[in-house]
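Shared between the two complexes below is chain A, which pairs with chain B and chain C, respectively.
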Partner chain A sequence: MNRKSQQKFDRLFTLNIPILAMLIFTLFPLYWTINTAFKQEGEIVQRPLSYLPVSPTIDNFVTAWTNVGFSTYFKNSLLVGVCTVLIVLVLSTLSGYALSRYKFKGKRPFLLMLLCTQFIPRSMLIIPLFIIFKNMGLISNPLSLIITYAAVEIPFTTVLMNGFISNVPRELEEAAMIDGCNRLQAIRHVIFPLLIPGIVATSVFTFIYTWNEFLLALMLTNQQGRFTLPVGLSYMMGEFNINYGALAAGSVIALIPAIILFAYAQKHLVNGMGGAVKG
Partner chain B sequence: MSLRQEVNASVVSMKNSKPSKKFKIDKWIPYLFILPSTLMIVTFLFYPIGTVFYYSVQNYDVSAPFYNGFAGLDNFIKIFTQDKLFLPSLMTSFKWVISQVGLQLIFGLAFALLLNQKFRFRGAVRAAAFIPWAISGVLASVMWSLMYNEHMGVFNDLLMRLGLISESKAWLADSSTAFAAVVIAELWRGIPFFAITLLASLQSIPEELYEAARVDGAGRWKSFIFVTLPQLKNTIVLTTLLRVIWEFNNVDLLFNLTGGGPAHSTTTLTMYIAEQAVHGSNFGYGSALTVIAFGILLVFAAVYLRITRFERED
Partner chain C sequence: MYKKLSKTLLASSMAAALLLAGCGGQDSAEKSNAAPKKDDPNEEVTLTFWDENAGPQRTPIWEELIKRFEEENPNIDVEYVGLPKDSAKTKYDAAIAANDTPDVGSVQTSWLPEFSLRDALLPLDSYFEGWDQKDKINAGAIDFNKDIVNDNKLYGIPYTQNLDILWVRPDWFKEKGTKIPETWDEFFTAIEEQTDKANNRYGYTIRGGAGGSFQLQRLMYAYSGEEEYIKDGKSTINSPEHAEFLKKYFALYKEYTPKSDITNGYKEMIAGFDTGAVAMVQHNIGSFGEHSEALEPDQFQAIPLPKTPDGKYVAEGGNTIGVSIFKDTEHPEAAWKFTSFLNSKESQSYWNQEVGQIPTNADVLEEAWVKESPHIQTAFKVYDDPNTILYKPPFYLPEYRSILDSTVDSGTQAVLSGKMSVEDFLDEWATAVEEAQKKYDEHFKK
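Let's turn to the complex of A and B:
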C-alpha cells in the first residue's frame, strides 16, 4: 500500500465509520418516530415491522391535531414561549448593557448572584413555586409559567447579551452621543441594529427552553385545556389505551418548531456556548 | 443570604446619594438596568428556595390541614429512620448521575474530536449531531418508548432479525433492563451538550501549541494528552459540575419512560421528590427531602471544586 491509500484507509477508521455510527445513533429515533407517524393504524403493530410506511397517511396528524387536543397544547406552548421571550429579551438586554458598559460597585455581587442561580436544582423549585402560585391564584394560568421561565432563563441570557453587547465597539455609541443623541437614542439607533443576531440567538435559546420544559409545567398546570405540549404528550403516554400513531404524529408536530429554530441558530450555538461557559 | 443583602445595600446606598449634578444620574443607570432582573431572580428563584427550608420543619399536608404547624425535625427523623425508599433512591441517584455524566463526557469528547476534523459536509453533520440537544425530555421519551415497545418496538425487531433474541422483550417493564434502557435514551439527549461545549473549547486552542508539540516530536496521542486535555481542563471541570447538578435533578425521562418503576428500580431521589410533589400532598415531607438533596449537591460542589482546583479565567 502506498502512503496515500494508507492515509485513506486510516481515515476510514478515524473518521468515516465513527461519523456514520454517530449519525445513525443520533438520527434513528427521529426516523422511527416519523415512520410511525405516517403509518396506518393496523400497520404500526403488524409483524414483521415495516421500515417505511406501506401506504403513507396523514390520518394520525389529523387525529392528534383535532381529537386529542394537540391544537390546544400547541397554542398554549406558543403563548407561553412568545411571552417569555419578550420579557427575557427586555430584561436581559438591560442588565447585559449595564454589565457591558458600566463599572459599578454592585457588578461583582450581581455576577455572583447570576452564577449562584446556575447551581439551584430545578427540582427544588417545584414545591415552593406551586405554593406561591397557588396563593396568588395563578395555578393553570399561563402567567405562572411565563414568570417562572423568565426568572430561570434571565441569568444565562444576561451573560449572553453581555457578550453580544461587548462585541459592539463603545466608540460607535459615543460618536452618536457626540452627534447629539441621548443614551437611549444611541442604544436604539446604533446598538440595536448591530445586536439583532444576538437577540435572535437569545430568543431561540429561551424559546426552546420554554417549548421543552416539563416538570414545572406539570406541577403548575392541572387543567387539560391549559397543558403545554410536553405535559400533553406525557398525559397521552400515561393513558391506558395509547394511540401510538397519534402519539408519534403529535411528537412530530411538537418537534417541528424546535428543529426549525435549532437549524437556524445552531451556527451561533458553538460560539455562544463557548462564550457563556468561559465567561 | 449575604449576596442578596449586598445587592440590596448597593441599591439603598444608591438611593441615598442625592444627585446634585446631572452627570450623577449616570451612576444610577446600571442599578436601574439590573433592578428588574434582580427582582425576578430574587423573588422567583432565591425566595422559593428559602421557603423550602421553612416548610421542611413544618407539617404541611394539604389533605390533613388540622395537623399543620411546626414539626421540628420530625420530617428528617422520619426520612432517616422509617422511609424505606429514601436510601435506595439515593443510591439510584448516584448510579444515574455517575453513568450519565461519565458516559456523556466520554462520548461528548469523542463527538467533539470527530467534528473538529476537516471533512466534507461538516456543517450539516455537526447540525445533525447536535439535534437531540433541542429535543425535550418528554419528546425523547416518546421516541424511545416507540423503539423499546414490546409489541411494535424496532429494537425487538432488529435483535430478532439478527438472531440475538428469540422473543420480544418489554425492555422498560423488566427491572433488569429498565435502568439501562433509560440511561441509553438519556445519553442520546445528553451527549450533544458536552459535544457542543467541548467543540467550542477545542476551537479556541491555539494552533501554535500543536506545532510546538510536533516540533518536540509528539505524535497524535501525545499531543492529545499533553496539549488538548490540559487546554480543555477548565471546560471539562465546569461542564461536568453543571451536568452533575442537572442530571441529579433531571426526571423527564424517568418520569415518562418508567415512572420510577418497575419495583422502584428507576426511582432516583429527585424522582421520589417529584412523585411526592405531584401525586402526594405532604409538602412538608417533600420539602425535607428537597433540603437533603440540596445539601448533598452543595457538599458535592464544594468538594469537587476543591479536588479539581478549578481556577476561574479572568
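Let's turn to the complex of A and C:
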C-alpha cells in the first residue's frame, strides 16, 4: 500500500466513518419526525414500520396549523422572541461594554452575581412572578413574557458580551477617539462591526431560549389566543391519545425558524463561540 | 462626554420603551378583536373556563359545547382556556396561590380535597339542590365528592367517569381455548396459557414504570375486596391478602411478561398490546381509541377486573372528573348555568360519546350509542352492580400522590429486580400513608 492510499485509508477511519456515524445519530430523529409528519394516522402505528410515507399527506400540518391553532402560537412566539432579542442585545452590549472597559469597585463580585442568577430554579419564580404581573395587569400580555425572558437572559448574555468586547483591542477604540469620535461613536463605528459574530451568537441563544420555553409561557398566560408554540405542542400529548402525526407536524413547524436562523448564522456562530472561549 | 453618553442612553432607553409600548399596543388591538361585544351590554357576562386535558381531541368537543351554550344564553360569553394535561395541576396551583382563578373549571375529583382546603372553590350544595336534573347524576359519585373533602360540601359535579379494566385479545383466547378470566385464579391461568415465548408472545404486561402505582393499587384492592384504605390510623395496604396477591403478580415478571416491563410507562404498555406482543393488559376504558386504531374490532375486548372471592366487583372511588366553580367568580349564577348545562343529558352524551368514557347522567345511559359500545357497557355493569365495592383512596392527604409517585413506583421496580421483598415494599408504603395520615390528623385535631 503506497503512502497516498494509506492516507486515504486513515482518513476513512478517522474522519469519514465517524462523521457519517454522528450524522446518522443526529439526523435520524429529525428524519423520523419529518417522516411521521407526512404519514396518515393509521400508517404511523402500523407494523411493520414504513420508512417513507406510503401515501404522503399534509393533513397533519393542516390539523396543527388550523385546528390546534399553531398559526396563532407561531405569531405569538415570533413576537415574544424578536422583542426579547432586541432588548437583550441593547442592554447586554452596553453592560458588557461597561464590564470590559471600565474599572469600578466590586466588578468581580458583580460578575459573580450575574452568574449566580443562573442557578435560581425557574419553577420557584412562577408564583411570585405571577403575582407581580397580575398586579401590573400584564397577565396574558406578551410583555410579561418578554420582560421575564429578557431578565433571565441578560445576566448570561452580558457575561458573554463582556468576553467578546474584551477581545477587541482597546487601541482601536482609542485611535478612533483620537480622530475625534466620542465613546459612543467609537462603539458604534469601530467596536460594533467587530462584534457581529458575538451579537449573532447572543441573538441565537436568546431566541432559541424564548422559542423553546414552556413553563413560564403557560403560567403567565390565561388566554387561549396568547399561548406560545411549546404550549401548543404539549397539547398533542394527552394520556389517552397522542396525536403523533400532528405532534410531528407541529415540531417540524416549530423547527423551521430555528433551522433558518442557524443556517444564516452558522458562520458567525462558529466565530462567536471561538471568541467566547478566548474571552 | 458623560453628558453625551447619558443622553444617548436616555434616548436608547426611550427607544426600548417605545418598542415595549409597540408590543403592548399590538396586544390591546388583538384583545378587542378577540372578544366581540354582544348586543345587550347590560347583562353582558364573560366566564372563563379551564379545561384540564386540552388537545386536538378534547378541545373541539368543549368548543362545540360552549358554542351551544352561548347560543342558548346570548348574554354569556365563555372564554375557553385549554391546559396541557401534565401541567394543568401546576397551573391551577399557581392560579389559586395568586387569587387569579377562572370562573369555572374542569377539575379532577382527586384535586377537590386540596382545592377546597385552600378555600378556592364555591360550595355547590344549594345550587345542586335546586336543580331539576339533580337526581339524574350518579348519586354515588356525588356522595363520594362530598365524602372526600374536609367540610363534606359539594365542590364538583362529575360529568364523566372512568374505570380500570382488562383489555384482552379474544381471538387468541378462542384460538387456545383459554377462558376469559372472571376470578383471580382464572386470571393467572389465562396468563400462563397465553404465553408463547418461542413466538414472542406474552400473556400479560406489567406497568413497572411511571404511573404503575395507581394501577397496582386498583388490582390489589380488587383482589382483597378491602373497603377501607385506612382503618383507625392503620393502612390496609400491607394486609396479608395484598402481600399474597403481589407475590403471585410479580412472579409473572419475565416468566410470562416481557423483560422490559420494569420500565413500562403508559405508552410502552399499550404499544405491547396494540402491536400483538401481549394477550392481556390492565388499563382503563380511556385507551379504547388507541386499540381501535391499531387492532381490528374482533381483536380486543374490555372485561372487568376479576371479582373478589365472595363474588364482588371492586372499583376505586373518585375516578371521575367534574365541573367546579371557583370562589372568586363575580358571576356565580352564570357560572352555575354553565355548570348545569355541561351536566345536562345532551352535553354529557356528546362529551362522553366523543371521548369514549362513561357518563354520570342516568338518562344518557339509555341512549343507543352507550348500548352499542361494549366497553362502556362493561364499565357500566361494574358501576351499576349494587354489590360493587367502592374503596376510597385518601385523596385528602397532601402527600398521597407523591407517595404513589416516588415510594410506590420505585418500590415496584425494586421488587421486580429482586432487590426488595414484597413484605418490605408493602410495609414501606403503609408506613408512608400512616405517617401522612397522622400529620393530617394533628393538623385538623381530629
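Basically, the second predicted complex is superposed on the first by the 221 of 279 C-alpha atoms of A that agree within 3 Å, B and C clash if a C-alpha of one lies under 4 Å from a C-alpha of the other, contacts with A are read in each partner's own complex, and residues count from 1 in each chain.
As a working rule, a residue touches a chain if its C-beta (ideal position, glycine included) is under 8 Å from a C-beta of that chain, and two chains touch if they have at least 3 such contacts.
No experiment lies behind these values; they were computed from the predicted model shown.
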Determine, under the contact definition given at the top, whether A:215 touches first (chain B), second (chain C), both, or neither. both
When both partners are placed on the shared chain, which of chain B and chain C touches more of chain A: B
Once the shared chain is lined up, is A:94 touching chain B (first), chain C (second), both, or neither of them? both
Report for A:15: first if it touches chain B alone, second if chain C alone, otherwise both or neither. first
Identify the partner contact of A:234: answer first if only chain B is touched, second if only chain C is, both if each is, neither if none is. both
Based on the superposed arrangement, let me know which partner A:158 touches: chain B (first), chain C (second), both, or neither? first
For A:262, decide between first (touching chain B), second (touching chain C), both and neither. first
If you stack the two complexes on chain A, which partner ends up touching A:225: first (chain B), second (chain C), both, or neither? second
After lining up the shared chain so the two structures overlap, which partner does A:131 touch, if you call chain B first and chain C second: first, second, both or neither? both
Taking the contacts chain A makes with chain B in one complex and with chain C in the other, which residues are shared? 45, 47, 90-91, 94, 126-127, 130-131, 183, 214-215, 218-219, 231, 234, 237-238
Within their complex, state which residues of chain A touch chain C. 41-42, 45-47, 63, 67-68, 79, 83, 86-87, 90-91, 94, 126-127, 130-131, 134, 139, 141-143, 146, 182-184, 214-215, 218-219, 222-225, 231, 234-243, 246
Within the complex, which stretch of chain A touches chain B? 14-15, 18-19, 22-23, 25-30, 32-33, 36, 44-45, 47-49, 90-92, 94-95, 97-99, 101-102, 104-107, 109-110, 112-114, 116-132, 147-148, 150-152, 154-155, 158, 183, 208, 211-215, 218-219, 229-231, 233-234, 237-238, 244, 247-248, 251, 254-255, 258-259, 261-263, 266-267, 269-271, 273-274, 277-278
Touching residues of chain B toward chain A in the complex: what are they? 3-4, 6-7, 10-11, 14, 27, 29-31, 33-34, 36-38, 40-41, 43-45, 48-49, 51-52, 55, 110-111, 114, 117, 119, 123, 125-147, 149, 151-152, 154, 157, 188, 192, 196-197, 199-201, 203-204, 235, 238-239, 242, 245, 248-249, 251-252, 255-256, 259, 270, 273-274, 277-278, 283, 286-287, 290, 293-294, 297, 301, 313
In the complex, go through chain C and note every residue touching chain A. 1, 4-5, 8-9, 12, 15-16, 19-20, 23-24, 26-27, 30, 34, 48, 53-60, 79-87, 90-91, 94-95, 97-98, 100, 102, 266-267, 274-276, 286-287, 289-290, 293-294
